[in-house]
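By letter and in written order, the chains are A, B and C; residue numbering begins at 1 in each of them.
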């Protein structure tokens, strides 16, 4: 490890320690004044280091890549220590209806409310409002013809799911594609 | 806007003893269908669907008028498709190649496709729930920025006047309701067919015969015209009136022809339309 | 270093990484379930470790003991990295979203983030952070039941608006009342 490497890692650690949200590689590279490629390598090295795979001990924290960004978390097995101390209250859970609507939007985005309503076979207005308010979905663009708003998921959702990109969603039944065929004609109904 | 139903509870109401129907347990017709199908431990097949059709229809019959119009109509669409399929299953096979049968097959395929699609999303939503629950238990570093760093941010350029700020507040508070098509206009004031019949009867008994145009002359709302028209049809069913129309779409004359007419007959009139 | 030592340090690291204020040795000892004396020793060892005095490299953060306890800070010599980044991130002007959120808080204070999110129909977490960072709003008190923080505006905002008290805000249309109705029930959401 060169002195430059050590310096780069230290600078990255400084940024990660003040961050209160995942920082993208590009943001980090800008902050530490280094090209993206070595930054990516240094992040991987730090992650391995914290995991105890380098010369040092395993740390009580870990470096995770979620929602296309890097962030320091308490090591998963130590979460109980923290939970017990800060007595964190469980956040309000999403209802089954909200979860299913979220799933439809995640897989079909960009998608309009009426398209979601078609798949769910119920009115989804209030659920969509809840998901918007929680920042899990966002308005993307209005349909130029009908004016219907298209919705998609946010980075916050990726963070909540602990995944890095929407591509990491589990594959769902191939029937899905067939199922969506022929619905185009009835999109603009509601 | 009262308590948001999508937040109240994450628990899915699971019917335990026997099958109890109430709309709150189901999030749409597909949800109900899947519940019925899974209760019978059947896969989604034509057999399964014909087996659950009766239960579905029975459930629909219990839907009160207080349910959402669009929700109820979704249930109706599915119920109608199911019923069609069941009827087709009962009818002798062989002469299936008419337009109606083809339309039925298409409707069936559409229903299957939508059910399968719905089931796929329902299944994957458990993955969402599991991941969200797991991540909720994780602790990310999220500490407020040290004031010493804050001090170095560029001075805020503030250009808003007090009035600008108030205008901005008005804008911010303007309800950002998701636009919906109002259904209020569908709920016109209720018009009683019996009341309208009473008017028609009294006019006809006075004049003997009147044109339909004359009979509805005083009506100020479409609903009243419709109700008066229906009341005339009802009177015709009771052989209380006869019609004369000299040419198609021409003037319609309604003549009072009742031989026996009592107020009891009037009281029974239009009972079919009572909800 | 024994396995117990390693474990104790990891538990301490887990606590320190989420702490947003210095934690006293007694508090830390309670949290990790260990007597005070070994905790004190472990903290000193971690400090030396982060300073590069143990087997590993020097870290971009450091463990410092301040009057009230121990906390992880950015290593002092790396402050410029952070300062520069924060400076480049904070625009001189507030965004439209930030201004609207500020207006909602000004007229509705004390108000929770989820109440603001309901009115604005979007997630306002990052905007609230910006406003806090700018010193235009401040945390008032946590809801005794839900723990949700209530926010209000600061003297700095009054100064920017050129008024002496929040009562001098011009009255706005009765939309305000309509807009606020019905949000009571969903306070604890976010």
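Basically, contacts are C-beta pairs under 8 Å (C-beta built on N, C-alpha and C of every residue); 3 or more make two chains touch, one makes a residue touch a chain.
Since we're looking at a predicted model, the values are computed, not measured.
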item: Which of A-B and B-C has more C-beta pairs touching across its chains; value: A-B
item: Most centrally placed chain - per-chain CA mean versus overall CA mean; value: A
item: Computed distance of Cα centres, chain C from chain A, in Å; value: 21
item: Between chain A and chain B, centroid-to-centroid distance (C-alpha), Å; value: 36
item: Mean-CA-position distance for chain C and chain B (Å); value: 47
item: Shared-contact residues (touching 2 or more other chains) in chain C; value: 14, 17-18, 73-74, 82, 121, 189
item: Two or more partner chains touched - positions in chain B; value: 4, 7, 139, 141-146, 149
item: Contact footprint of chain A on chain B as seen in their complex; value: 4-10, 12, 27-31, 68, 70-71, 74, 78, 110, 113-114, 116-125, 127-129, 131-146, 149, 178, 180-181
item: Of chain A, residues touching chain B in the complex; value: 16-21, 61, 71-74, 76, 79, 82-83, 88, 90-100, 102-104, 106-107, 113, 118-123, 125-130, 149, 159-163, 169-170, 172-173, 175-176, 178-182, 190
item: Parts of chain C lying in touch with chain A, wherever the complex brings them together; value: 1, 6, 9-18, 30-32, 49, 54-61, 72-75, 78, 81-82, 84-85, 88, 114, 117-118, 121-123, 125-126, 129, 147, 188-190
item: Touch list for chain B against partner chain C, complex; value: 1-4, 7, 139, 141-146, 148-150, 152-160, 162-163, 165-166, 168-176
